[in-house]
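I have a structure I would like to understand better, so I am pasting it below and will then ask my questions one at a time.
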């Protein structure tokens, strides 16, 4: 017998302004059984140093990263909320990205990706977090993602601030060993301490390297830019062999050749 | 055996920024069986004459009206989105009112209302509408609400523009006969035609009277205000015995005495 | 005797924050006599499937298309309102595009276009529409545009949702026979039905082809992108010989070579 | 023969989202002949000390004042743009108040005012101003308003910053002698100098008193509030016999008794 | 010799759009010596359960409370940012309230308050906080406020979320013993735990009572409203003798009589 | 002894949401002694012809120009507020650019610029302006900048509308003689008169040429675009030998080669 795959609720069956707002209006699953991939939200933001709001906000860097592990993005850039919303812009988080996702159809015309013809996918809601205690939140996230990952389900995550990548990588590495990483961001997030604390949104990848979660020769950070403290200048990444693609190398040209290189760098390993 | 009632997902069990966004984070029901009341959205707005957007927008007048049939409002005025959003304001509809509703707790401190201790309530999603053909949309709404109402379930509806009240009243009157109505609005919506059409957001209650859906001595319109075409001046309502409370009589004082009179006017009939 | 041509009210004669707001502060004409071209608004939006508002909104795709029939655009891209306003963005329609147009001068420095030195142009206001009944609205639009077009006046239109292109093409083809079309849009708008209806914003060009309004070998759709229903993928357009330029082919380069090809494709026919 | 009076374009004849945007969609007049009253804009704001924008902005205090000379307001408070827009609020000026005015009908239900049944009214556009030189701007305004007023036409003005009231009062007093004034504002605008200049938005009424434009026993300032320089405290007004109604005396009650007193204070004189 | 008191930079000496943005453009002090009162910011918000942003945001409840200890507010309600900004509203924090404060003059016309004629006041900047660790942040705040308070300087604080009131009260009580409290808020903030944590924005006053920081017979909470968990209903406050004034008792009337009662309740003790 | 240079307050010493808001949180200087460069604001905007607000607004063109005289920009394009804010966008001026600048670190990763390791820089606040009288404002600006420049301090200025460049160039040329100019703007600002006035935001560079302030062979205007009055078309600039780079030549490619040419054009002279 053929397993019937979940598909997003079609705009032909319910106008896009209607229906309960799961990710892409996919079925909501209370169990992970049989899922090849799942959408899961992590609504926290107390790890940020500048503007909070990511508990409601969608962080595209994180979202694209998790997708990149196994499949091509099926959202065009114009369909994603902007990465750097200005001060007065609306904020997007797990809840808002679900709201916005209702206009996305199941087939990507540009890439030919048709994931719902091959994968069983559902929205599994958000992980439990306590909101007030960052080390404890990281513990909760690691536990939740371990349950998702242990049976082979690929989590596609909408954060949440960048702190969450650290416990997610803990869960991923516990299953797969050190993994490659495609990281699209303005900042490298390899600080040692922020305002004296070990866990914050700018320390995630230093912690990950210290704990052996990353296959550092298969780590690429794309889009780094902006100002820094004097003398820092991405030294940690260079010492550990990350590939760094500054934002200035991404402007005024197609990124297709770069993406080809990235695929080769990642190879077949996790 | 005692029936276990649905309750909104508690902020103690999941942070309010998390979870799938049903109304007040109540369980989502795919069946009406056993429900005393349900939240249901009607995401259409092609009946408006001025600014559209109500397919995403919450229309407080309509919302409060349906509630008033059987229970007191359990949202304080400050928790409702504003009734007259300015040109640049965000728009709120069935989807957005669900988003905003996640902060509402199950017990109203001011009134003592605790509906979830006595009633089985669920979010049943949105009714199907075709978006492009207003008479056909009205037919769809009437059919959907007839199914909700026939077994005694009370719909609490988030529209949608005011056109939807007409087919909802058709469904209500088919079950209960002519009903009383508490209508909070700036306009009476008793026009005969709008730009030559019989069905539009400003004609709902004339159509309802013509079809005998209202017990006109138990109709009250609260908050009427603004400018009008010369000579119109709510004549239809006065001819049919509606009670009219202009907005000017609502300013600078408590509405508690008025609400007492309204309850007496409504009495025990539907 | 030389006919005196209309010119936009100069910023030298009245500060740009002043004056009655016609398109570019051109004279307002109540007759079409003697006009080579006219600005005309179509303030409807009940044909949309997602976010309404186009009754007040300017739809750049439509605006550019109509201009392209006879002349180069004289607005730079930065002077046009954005094509994909985010959820909280202001909305632009016939009224708002007139508001914004008051800053445009009569001469385009980049292209040398100086249309008001050669053409008699006026703002003729908006066509009458009933707002509530889409087939009837299409009939009204066709009638209005037939009057504009029959004596050789070129309409430059600000919508309104994309449904309006269908009755406008009916009026154009009644005068000129099947015409070429330059269509800049994210979507091809060649669906057969939307939520069961024949007339909606996504069906305009299928209806136009079915009625023989387009010279399909001279139709080009530029900028198609995004996700789709599986298996649809612009099949109708390919079957009918439209040229399709996906958005991905427009990024990171000048569109001047493409525009040269488009002019050749259009040739001298209408 | 009976003179046919202008009426606003009816929403029954053109949907409110359509039509050229004059005030209330009244006819646009290029001559003052035969007009009992006219709408006229004064799009300047270089007299402000805090946030500019009034060249596009509607200043309700000014608007209501001019109306009060001869008739009751026919806009309800909810139909006026807010008097104190926050930093991110949209700005309203002569152009925007015309945009917003299209929803106003010709008859005020609350007051029974039906001005267009008795008065010939038109929109006469905006006065010419140079934008950069405040004394010269005041001269232009005085000249323009003198032309409006000399034949008995009552100007209903949308500013513009409060500086404009000074030259308007010059024109009014040249026709009528010292006049009464109903001034609704947070500030008294009776400073002598602002940053060393004689003409600015906070000096209008001191200049008016110095030039004998006001019948100071028939001046009332309603709504004064906020903080001030120590020792100033509206001394000029008290010395000249203005009646002052602080904002704190307007809260939590109807203003109907106050308005009765104001009418008595104004009496029958201009 | 008479001590020269600090005064806000006058709008007569520098236009209000200019100058470095301290609170009310007061001098910035690096020492507390000689200060009777100081403005101090606490830019944290990781204690909130719903929308973050208070690190930039001004929290009026907190601001007014600290002022109330020794003096009347000298800002009119209209000059304060709104207490319940909607989702899309701008956010106000210590930095933004300083921005907004530049329009405030030194003398309150309505109340006659002229604090800068009697008190030496400065802006002392913001306290150091680490942003990521709530118990550690509370420790920092307590230490900073202890230094401010120990020599008799009264802190006027702009938060920051409501968590900060707890360590501020620790510092206040260490100097003065249990104090009276005037608390204007929608919520009582007397929960025991939030998502399992002892320290969060909703637990401040239970912690304060447990540690004996409050003279509970001189605590008044004004404006409580909204929904709650069933059975909670401000029980802790009633058990401890707080006076509670629900929001419903504040509507449609002057609060002057209530404020008289509150002053009597507070008496002469700290 | 080595002079200790000012450095921006580090995010390691105070969270970026805290601290008094000078430019980049640099020390605030009340004296120019010893400064190599200074930030200085000019909060005026009465010279604009379209939308005012620049008294609060940051004008990137002006800012970048002043920087270019001696150093590379150390802000990435993404860190600058947008050059063409839409109607509803927030406005940025000297105050707001200081607010936004708190996130900028002292070292530019992309260019290697580390100005605070070589230059003594401070924020010196804003120049005094009277707001109401444009010729007088220009006189004040020239006087203030002459004091800054005469001892070799380089001003880095945040306006303010483009009028201010004229008196700043007067001050610069009084010290250095005719100077080169790198001007990034959509418009050339070489009009003779605006609405009859000699001084306004669109006449700055014609006045500068007339007074011999510019070395016209070393003037480049980058980014000119848009519409113009017929026949104007940058004739003044071409007659005077300015180099003009239209916006259309800047699209779809790196500007690095152009910047190399500009540096050669500027040479070593001031």
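Labels A, B, C, D, E and F are assigned to the chains in the order they are written; within every chain, residues are numbered from 1.
FYI, a residue touches a chain if its C-beta (ideal position, glycine included) is under 8 Å from a C-beta of that chain, and two chains touch if they have at least 3 such contacts.
Here the structure is a predicted model, which means the values were calculated and not measured.
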Minimum number of chain-to-chain contact steps, chain A to chain E: 1
Chains touching both chain D and chain F: C, E
Identity of the chain that, by mean CA position, is farthest from chain C: E
Between chain E and chain C, distance of the C-alpha-averaged centres to the nearest whole Å: 56
Approximate Å spacing (C-alpha centroids) for the pair chain B, chain D: 39
Multi-partner residues of chain A (each touching 2 or more other chains): 15, 17, 49, 55-56, 87-88, 90, 129-131, 195, 252
Inter-chain touch pairs (all): A-B, A-C, A-E, A-F, B-C, B-D, B-E, C-D, C-F, D-E, D-F, E-F
Parts of chain C lying in touch with chain F, wherever the complex brings them together: 10-12, 15-17, 74-76, 78-79, 81-82, 89-90, 100, 103-110, 114, 117, 252-254
Residues of chain E defined as touching chain A within the complex: 45-49, 51-53, 55-56, 87-88, 90, 129-134, 194-197, 199-200
Chain C - residues contacting chain A, complex: 49-50, 84, 86-88, 186, 195, 224-234, 246-248, 251-252
Residues of chain C touching chain D in the complex: 14-15, 17-22, 28, 41, 43, 55-56, 90, 93-95, 98-99, 123, 125-131
